[in-house]
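Each of the next two complexes has subunit A plus one other chain: subunit B in the first, subunit C in the second.
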Partner chain A sequence: MKIQLHILTPVFLLVSSLFLLFSTDHPFVICGSILLAVTVLAGGKKWKQLKQGLWFALPMTFFMLLFNLVFVSSGVTELAVVFGKRITLESILYAFLMGVKLLAATYLFFMAGSLTNGDKAVSYCGSKLPKSTLTFLLIFRLIPHFRESFFHLKDVYATRGVEFENVPLREKIKSYRAVLAVLLEQSLESSFEIGEAAYTRGFLSTKRSVYERSRPTWRDGLVLTADALLLAVYILLLVNGSASFNLYFGEGLERLSNPAWILFLLLCATLAGCILIANRKQRETTEVTWDT
Partner chain B sequence: MGYITVESLTYCYPEQDKPVLDDISFSLNRGEVLLLLGRSGSGKSTLGKAITGAVPYFYGGTVSGKVSIGGMPIDKMEHNRRSQTVGMVFQYPEKQLILNKVHREVAFGLENTGVPEKTIRRRVFEAMQFTGITPLADRDIDSLSGGQKQKVAITSALAFFPECIVLDEPISQLDPLAAEEVLNLTRKINEELNITVILIEQRTGKCFELADKVAFIEDGRLRFFGGTHNFLDSPEKQYEPFLPEPVRLFRRLGIEHPPTGMKKSRALLSSIQPGDAPVPAHPAFRETEKTQPVISLDKVSCGYGGLTVLNRFTASIQKGDCISLLGANGAGKTTLLKTLVGLKQYQGSILLKGMELKKWKQKEIAWTIGYVSQNPDDYLTQDTVRDELLFTARHLGVEEPEQAADNILQLLELSEYAGRNPKDLSGGQKQRVAIGSALIASPEVLILDEPTRGIDVPLKQTLAELLRQLNQSGITILLVTHDTEFACMVSNRFWILYQGELLADGTKEEVFSDSLYYTTTIHKLCQNQAPGLFTLEDALRYYSGEEAVR
Partner chain C sequence: MKRVIITAAAVALVGSLMLLAVSEWQNAFTLVSLVVLAGVLALSFLYFEASIIGTKQIALIATLSAFTAVSRIVFAPIPNVQPVTFLTALCGLALGPFPGFLVGCTSAFVSNIFLGQGPWTPWQMFSWGLIGLFCGLWGKNGKKPSPVAFGLACVGFSFLFGWIMNLWQAVAYLRPFTWLGFLLTYVTSLLFDLMHAAGSFLLAILFYEKFYKILHRYKRRMDVTYIDTSLPKEGL
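Up next, the complex of A and B:
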């Protein structure tokens, strides 16, 4: 998938999707968010990110499940009593729902990331907020160095006899102290060097111009219209109380069959389709080629 | 008055009293190439940064004197004008490239300095065409090789259409092929665009052919400034390590006004009658013991991320070997070293002293194989040099660690620095600390990953001496280097690695004699007359009967 939307479109898309997701625990909203994000990611062949999201969400879901089993007794459907502690169906379902919600949020961030051209974002934000952009630039450039250096230093210290595996937690923490000390120092040096390279190339020297400025097109209009429509339908559902949902007290269960939710899910799919169409069309017409 | 003039420039970094630059004055004409030489820490980079204005405007500190470009003092120049007038290319390619795509990276500086949007695209395209990186335009920077990244950095500087470019050790991190490409590009930029070039470099071999003028800095003071030939003819002993090998040979043979190019040097050499000495066999190496190998590798393959880096690598290391491993960047050299010290998973078989490496614990491997990474700073976390050695000794469970540390301090001539903070040491001393750390458990094998990377020539010679001593004392050595001269100084066996496979294995005569590329400058120079000459010492002994003094 070639990223060609204006830099602000994915931002609006992310903000509105997160608003939808975090304003309720309603299963259809969570499903809609998953549907939207997964369709866009799969359309862009972002299999790695889809897998990463699962790797992140699965242990968290397990942790929440464990937490709910130990600490939460609310709910009406009692499954068992262990050491005097009630285990309810609702607490299990709620943990599962939260896990899926977390997965949806992760996928939405991945989706926004996949729709954003990092370099264009720097160009755009650099012309609006140059100092903040420089700070983020440093962070983004440092993260890969940081990761690479961390593994390299771990190797070096392993050859110096430092044990990182099969030792008690306390020892493990001590083992990483030397690695982190070097890492911190090298990161400071690296950030200084990146800052210097940007400075010598005139960063913060004057008002920036923008290379290949992206302007909103009808494709942004298409995506934003679909997004606005989805948001409008959701707000109506919110206003008439259909979006209220509380698993523990059974609130909202009777309104699950509201046909408006079918419309909501259709609009989620439409939005995903619009995003894919907008990007695909753009690739055919304006891809930059530099062949000599 | 020259195009770039530096008048009585003195500079101290913030919170430091000792000037890094001390009363520097010189003048450079438009379109000239200045080769800036000196030992590590002498102030070369700081001088380059003073010309770009990063010193003092980015670093702070106290400065006196004046730097002018085209008659305009840089303190009167606005930041964006300075950036457009003087570009800078740094040592580490990955730390100066900021964006993801190549064409956007080239445009980054132009955006910063407010170049009109319509002009940027044309400039980006032209700069990429000039440097020949147009096919890379849409590539992700992370996917490029070191040499390609350095070309992108040069293109980014060139996109400003600057009047001057400062290159701060642009080839120090590159393999010889990439280094040559970068130097050729530098020549093209200077000759075709009349851009003034200030080239700071430690690997000076081919730089003299580019340079119109040479400056030599020592402890922040300008010791020499003048024409290249005046520098080559200068009788000063301290300049000698920085001269190209053929020039050093001619000087030692008492020839005045030595030429710089290979062709002229070869012609001159053919007129010299050799002395009585035969072509030498190198005497200083320990004999390899033809017993059971210390390490033997059989069809070893390994890689990462679906990429095969080592491909059915088969070889063995005998006790007493000192092997130099050569090969282009990305050939799998570092991966091989890391595999040998148990840091990478592999397929095939690696026998360490007859036992499969996979059965050894990491600590047990460290007792037998000491490993020194490229960057000595990786090893410096303790308050004193002695503590640094003790850190490794205690983690490896060395008996009587105090005694072991003292022995290593003595062996590596670090005793006088035992109580000093290792971070305050010079580059060469830091490297000795790193080597000491690897030697603390008295391993049988020492593995060094590019120990010559970024170090100056005198340090390189000291390191070669140390490694020869260690090899003489019975330690088997395997080192990675791009420096064939250094390899010939220290090694008795040579491996060439290409795409994870061993292309050549043998003595320097076997590996370098019929090599087009992997051989020394002296061998290239002398091979018609005496094919067995590889080092300056060999050539001196052959032509004059003199025993070379390093």
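Up next, the complex of A and C:
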């Protein structure tokens, strides 16, 4: 998926989706959030992230399920009594619901990440928050450098006769301690040079020019309009009390059949569709000129 | 400003926790705490922008953050051994409260790019930032604790980190919220917190002396004293 959106659009999307998700436990809101995030991630062929989200959420869901089975007796629908302890359908459903909520939140973060263009983000943030941008830029540049330096130093030490393999753990720790201390010192020395270089180039002396000024386009308008519509419908549901939900007290069950929820889910799907349309690659037009 | 941020964050967190007594407010708490955390983090970065921190200090903070983030990624296969706690605490102690806070925040954010971003990211940024800040306040007068004392402090910080993360988990995902359930969340995480604490203690014993010397040397190199040349040069 080629990212065509302005840098602020995914930020607004993430904030509004997290507001929806964390303001209620309503199953339709959780389903809507999952629908939105999964459609966008699947549309962008982010299969790895979809799998990674499951890896995060499954152990937590299992823990919550176990916790609710052992310690929670609230609920009306009794499934069994084990050692005098009531196991209720509500406690199981709630554990599952909370697991899905965590999965939805994780997917929403992944979605925002997949919609953000790194270069555009740097360019935009560089003009607004120059110090923070420089910090993050340096970190990203330094991470591969650390890996390289570490192996380089290890080679140097090994050539000098320091043993890293086939030695007792104590010796191994000693050897690695020396390498890590040198790595830290060397990196800090180069950080000094980077700082000096940035200073002599006049960094932070004036307002930095923006190399690639990105302006909102119809794509951002489309996504933000769909998002605003979804938010408006949700706020109406929240105000009339349809969004309150508590399975243990049976709260919100009678309003599950409210047709407005169908509209809400449709709007979630529409928003996902709008994001995919907005991120569609622009058709390249070739201008043909004829020599006369 | 820093004190205002800490006090505001602490008051907001404790105040929100009090709201839990009324369980219908649990969702509101999740939202409010997220907003408060985002606000605290945004304020600290805005403070960073407005501060007199120059390019050299920025490069130093970035290098230490990258080092810390890489160490977390390297140790990721070992369950809950988090070198970030030790390194952030050390940076705070050697460089001061605000650089410590920044190193904790940024390394959590950057390492999560590799390990996975999620709703836990702002909480981790805040928790590790807080560790750097506390340690910075501890070493503000140039105090250098012994390796054992620093190791024990790291044990405390590891538990603090675990407790803050438990707070997030219990409040956001525990339904129905009960104080017993809240307590049990802390009990079940005890093993992981212990592993985190043991790892941090071991790292402190092994690396504290050597790393502190290095960081302290670079801290001294950052300090610039301007000599007033207009004064008469007596005795020359």
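Just so it is clear, the second predicted complex is superposed on the first by the 207 of 292 C-alpha atoms of A that agree within 3 Å, B and C clash if a C-alpha of one lies under 4 Å from a C-alpha of the other, contacts with A are read in each partner's own complex, and residues count from 1 in each chain.
Everything that follows uses one rule, which is that contacts are C-beta pairs under 8 Å (C-beta built on N, C-alpha and C of every residue); 3 or more make two chains touch, one makes a residue touch a chain.
All values derive from a computational prediction rather than experimental measurement.
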| item | value |
| --- | --- |
| Touched partner set for A:83, first subunit B, second subunit C, both or neither | neither |
| Touching partner for A:198 - first (subunit B), second (subunit C), both, neither | both |
| Contacts of A:173 with subunit B and subunit C, given as first, second, both or neither | second |
| Partner chain(s) touched by A:159 [first = subunit B, second = subunit C, both, neither] | first |
| Subunit B versus subunit C as contact partner of A:190, first or second or both or neither | both |
| Partner chain in contact with A:143 - subunit B first, subunit C second, else both or neither | second |
| Partner chain(s) touched by A:102 [first = subunit B, second = subunit C, both, neither] | second |
| Partner chain in contact with A:181 - subunit B first, subunit C second, else both or neither | both |
| Set of subunit A residues, in rising order, touched by both subunit B and subunit C | 137, 181, 185, 190, 194-196, 198-199, 203-204 |
| Complex contacts: residues of subunit A adjacent to subunit C | 18-19, 22-25, 52, 56, 60, 63-64, 67, 71-72, 74, 94-95, 97-98, 101-102, 105-106, 109-110, 113, 129-132, 134-140, 142-143, 146-147, 173, 177, 180-181, 183-185, 187-188, 190-192, 194-196, 198-199, 203-204, 246, 248 |
| Residues of subunit C touching subunit A in the complex | 24, 27-28, 30-31, 34, 45, 48-49, 51, 53-67, 69-70, 102, 106, 110, 116-119, 121, 169, 172-176, 180-181, 184-185, 188, 206-207, 210-211, 214-215, 218, 221 |
| Subunit A residues within the subunit B interface of the complex | 118-120, 122-123, 126-127, 137, 141, 144-145, 152-153, 155-156, 158-163, 178, 181-182, 185-186, 190, 193-213, 288-292 |
| In the complex, subunit B residues that touch subunit A | 52-54, 57-58, 78-80, 82-84, 87-88, 90, 92, 94-101, 103-104, 107-117, 120-121, 124-125, 128-129, 134-135, 137-138, 142, 156-157, 338, 341, 343, 362-363, 365-366, 370-371, 373, 377-381, 391-392, 394-397, 437-438, 441 |
